[in-house]
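What follows is a group of structures, each given as structure tokens.
Same chain, two partners: chain A is paired with chain B first, then with chain C.
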Partner chain A sequence: MRRRPLLLEPTFLASIVVVLILPVVLPSVAMATEALIFVIASLGCTLLLGYVGLLSFGQAIFFGVGAYACGLALIHLGASAWGGLLAAAVISLAAGLVVGGLVTQRRGIYFVMLTLACSQMFYFIAYAMEDITGGDNGLLNVPRPPLLVFETTLLTLRTPMSFYTFAAIVFLCIYLFLQRLVSSPFGSALVAVRENEDRALAMGYNTRLFKIAAFAISAVVTGIAGALYALFLNFAPLSNIEVSMGERIIIMTILGGTGSLFGSVLGGTFYVLLGNLLSAIWPRWLLVLGLILIVVASYLRGGLLSGVNWIVEKGRGWGILRSFAVRAWSATFRIRTPPRAQP
Partner chain B sequence: MERDVSDTDSAAGTTVTGTANAALPANGNDVGCGTRGVKLAAAGVSKRFGGFVALRDVSIQVRERTIHSVIGPNGAGKTTLFNCLTGVVPPTSGVVMFEGRDITRMSVHRRARCGMARSFQVTNLFQNLSVIEGLRLAAQAKTGLATFDFFRPKERLVRAMSDAESVLAQLSLERWRDIKAGELSHGQQRILEVGLALASGSSTLLLDEPTAGMGVDDIEIMKQLVVALSRDHTIVLIEHNMNVVLNISTTITVMHQGSVLVEGPPEVVRSHPDVKAAYLGREC
Partner chain C sequence: MNLYLIQVFNGLGIGMIYFLIAVGLTIIFGIMNFVNFAHGAFYLLGAYACYAIADLTGNFWLALVLGPVAVGIGGWLGERYFLSRLYRVPHMYQILVTLGLALVIQEMAVLIWGPIGKPIAPPEVFRGVMIFGNFAYPKYRLFLIGFTAILALALWLLLERTRYGAVLRAGTESTEMVSLLGINIFRVYSMTFALGAFLAGLAGVLAAPIRGAEPFMGPDALVIAFVVVVVGGLGSFAGALVGGIVVGIVQSVMSSFWSEGANIMIYVAMALVILLRPHGLLGRA
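So, the complex of A and B:
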């Protein structure tokens, strides 16, 4: 069985398409940027929830810590945009290891409670350390230095489109990295933990170590999203590290579907789009979101992703156009369903 | 499939324990009787759950490349002994040795990597993963640091992949290679249950009632599989099916109310009066 190169994986190609059309179809480039940032945050959550089966309410910790780390590095150390992202990655990695080590001591509902407790604690730490984080006011005046590669300016980051391009590059790199990760030996071990932790343990996997590692990787991804958000807003609000931010990330992830990384792309985009469009006409738009979440949780457990799959597989009435598209798609990517022998 | 037991060490004979705590050999080879070294041993293992004594001073010695069965009525402590051997629960007192090393406090996953693999009484597979993927995961667990490779596709870990394929062939499950484990028939799931232990490349297999719930025909397949495996594996077997136990075991340990009642080769155990009493009640 030959594999196609990962760069040609359909969902990666679809991600490139999404990146290209988002700034065109959304009302503003800024909204597209915000969508991409939350897609990245949601990718971190999908790794934990979709692949390891861990429901973490602590994703806001890493989002917030990443934003603060990036902002502080830019303000106090005069770091470049890359330096800001690097600082965010390193500090969130440390936070991920600490939090991951703490919360993976327990499984199930106690694990969830521990992530919630950690999230609250980090919020109050950020709130109390006013001198560093700016407390309630947030970390103000985060600069946005131009993006340099070997002394030449790659992107000025001054225009919305320039910053969007930067976010898109970061997003595609992270997507590609996570895509390789989930199909690697390490990724398969994470799936083993999700599917049957006791069996994985009996087979010789140190399941706790794998969970901590997944937490750390998820933290880095989420932290980078936080850093981009700080650069995007030119400041790092305290709300980044609130429990409600973690909830938001989880809601996006579940809306999109946890069956594949691409679910995050759908979920993050959908959430930001819905939020921006509805909040403009009705301040109580979260009520609508609640209804949508109820519908997805009750009838569309695989999220928007499974909805899209359903349309592709079962959709009727598209006639020749549809069958042509499906054939072209299968021919291009040589999708073959393996013959299923009956037991 | 009558297994000839006359060539193996039956010199151990019958030991009715509970009176003396068997001394544990420092390494596997200086055992007084028998020609094969002790692979896995428990010495004076007791386990209390609150006030309830599940295991009372149990000592067993499992010799290399033999089938050592543990039998006994329900509640005799077989599964608790199994859990102590595999590290799921630590014993309250006593020592567990594997290949001459004290592993009493070693964690489950480290024991597994030392070469002890177990199967479960209640089928415990990766229900949503394909048969081959489950086996590949089991084989991959032994590759150590290679498991932490998160950049190459998992199929490129050739060692694990080829081990999984060969175990698949050994189990005769090739036709079901790519279907989900949960869609196999019960008998096939039981075979795969043993297969997951086997694919880890362990020298010692602890099989917890491999024939549980199997039909008559499937039991024969399982019996042959276990006998085939015993040629190059040490096997500890918990089993209820007396036909299977008496046919294939080298040594049988009979447990009753948390203690070892009788230990010996099948023909000794079969005719032992205490065993009949324990199984059939006081009137015998």
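So, the complex of A and C:
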């Protein structure tokens, strides 16, 4: 089968469309930026959950570490915005390798429990290192320097739209990278680990190394999201590294659906929109979120992605135009079987 | 020296509470092969049940009896009519559904009792300290250690010396075989789930006079229970007991050396156990 050119990958084109319409459709550009940031965090989680079948409750580690690394690089080293992202990527890579090396010692449910425990450990470390992270108060006054390319100002990052553009560029680059990664032989090996780890092992793949690699890549992606969040807020709160942040990232990933990277785009956007709208009306909106999670995990295992797919399937045969749209849609967002639990 | 002795005793008391939470988690996992992320929420419900009953009647002992029973019945109903539908689905979705359930319970607690924690006084008899020579120790904590030790013994007898315990242990080996022998395995599931919920609720009630009732205590308790289970080895009673006491004592003793770091040390201990003995101190390979 001939591979489509990467840039013409339908879900990538759809992501470009989403990036263009988000600031128009959502109530504010700031909300669109927040949505994109969480979409990036969720992409990291989709790589692990959808492709390797690893349910990690530790994504908050990398989100928080990325935010701190970026903030500290900007405050103490006077780094540029790119430098901040780079610092976040490097430090989260290191954290990802350490945590990944530890948690992949065990499989299945133990893996899940270990990620949760590691997440709590990093929270307490961040809390205890008050001199560096600001402890409970968070890391304050993270600057937002203008974005330079070869000495010329590309984006000032002063206005919401300018910062949104920056986030959108980062998001599209990461999306392309992950799209390329999952369609490579490396991506196929990850899926093999998900489907049957023992068989992949028997075929000569060092599955643990593949899992650590996926964990580290996911950490970098999530760390960059954290860095953007720190730049966005001008502040890196302690809540970034709380266990509940990891739960949030998992919940939005599941809501979107883990069958394709595009699920993250749906899930992250939906979560941020829902969260902002509901929390404005009712402070206990997490109650609603819990109920939604129960319903999705019980009845709609493919997430929103499969919901959209189902609606489109029902529309089959309503005229040539419709069916063309349907074909295009289902060719684009065909759902793979949801990841299986490990034995 | 006295200070460390006191911290060891404190750790023993807290560790026994961790044991009660973890042992429920571990027996539920043992037979149903299912990790219950709402287990911390049962602990939370126990603490609030204690607050509600003690507030209403002014009697801690009534709360100690009724609170865990109420949580146990809640767990039984939840398993029977809701969670039992999930046995066929992959683990991941069971985790997510119970995570959703935990969120719902937590937010309900905030709605009913407000976001600020409630203090709970220890019972009249056990207020104040007991003096042993030049060594003073809170009476309630002594009661806690004694009571939980008796409880652990009773639980051990239940698991090792009764028919239900035999079925439960057999079910941990092979549920299929047990049901082929003519035992209604689904009833055992419900019973076990109710027992686990009861024990978590009991832990909540017992911890309430020390730590109060606070709506966000559930996830912390859950994570600690995971650490206990990872340190001790999942699926074993003794593992939960050893793990609970080790974690409790590490946390307490470290808090007198380095108070901010006490919580970190628990996880360092866990990481060491994982690296040196991946299946836990008492776990089977």
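Here is the rule we go by: the second predicted complex is superposed on the first by the 318 of 343 C-alpha atoms of A that agree within 3 Å, B and C clash if a C-alpha of one lies under 4 Å from a C-alpha of the other, contacts with A are read in each partner's own complex, and residues count from 1 in each chain.
Throughout what follows, contacts are C-beta pairs under 8 Å (C-beta built on N, C-alpha and C of every residue); 3 or more make two chains touch, one makes a residue touch a chain.
As the structure is a computational prediction, the values presented were derived from the model and not from experiment.
Colleague: After the chain A overlay, clash or fit between chain B and chain C?
Modeller: The answer is fit.
Colleague: For A:189 in the superposed arrangement: first (chain B), second (chain C), both or neither?
Modeller: In the superposition, A:189 touches chain B alone.
Colleague: In the superposed arrangement, does A:204 touch chain B (first), chain C (second), both or neither?
Modeller: Once the two structures are laid over each other on A, A:204 reaches chain B alone.
Colleague: With the two structures laid over each other on chain A, which partner does A:181 touch: chain B (first), chain C (second), both, or neither?
Modeller: first
Colleague: With both structures superposed, pick whichever of chain B and chain C touches the larger number of chain A residues.
Modeller: With both complexes superposed on chain A, more residues of chain A are touched by C.
Colleague: Based on the superposed arrangement, let me know which partner A:106 touches: chain B (first), chain C (second), both, or neither?
Modeller: In the superposition, A:106 contacts chain C only.
Colleague: Report the closest approach of chain B and chain C over their C-alpha atoms in the superposed model, as a whole number of Å.
Modeller: Chain B and chain C, overlaid via chain A, are at closest 11 Å apart by C-alpha.
Colleague: Find the residues of chain A that appear in the contact set with chain B and again in the contact set with chain C.
Modeller: Shared contact residues on chain A (touching chain B in one complex, chain C in the other): 338, 340-341.
Colleague: Tell me, which parts of chain C touch chain A in their complex?
Modeller: On the chain C side, the touching residues are 29, 35, 85-86, 89-93, 95-97, 99-104, 106-108, 110-111, 219-220, 222-223, 226-227, 229-230, 234, 260-261, 263-264, 267-268, 270-271, 274-275, 278.
Colleague: Can you list the chain A residues touching chain C in their complex?
Modeller: Per the touch definition, chain A meets chain C at residues 49, 55, 102, 105-106, 108-110, 112-114, 116-118, 120-121, 124-125, 127-128, 130, 243-244, 247, 250-251, 254, 284, 286-287, 289-294, 296-298, 301, 338-342.
Colleague: Chain A touches which residues of chain B in the complex?
Modeller: 86, 107-110, 112-113, 117-118, 120, 124-129, 133, 136-138, 140-143, 146-155, 157, 160, 175-176, 178-179, 183-185, 188, 196, 200
Colleague: Mind pulling up the chain A residues that touch chain B in the complex?
Modeller: 1, 3, 6, 180-181, 183-189, 191-192, 195-196, 198-207, 213, 338, 340-341, 343
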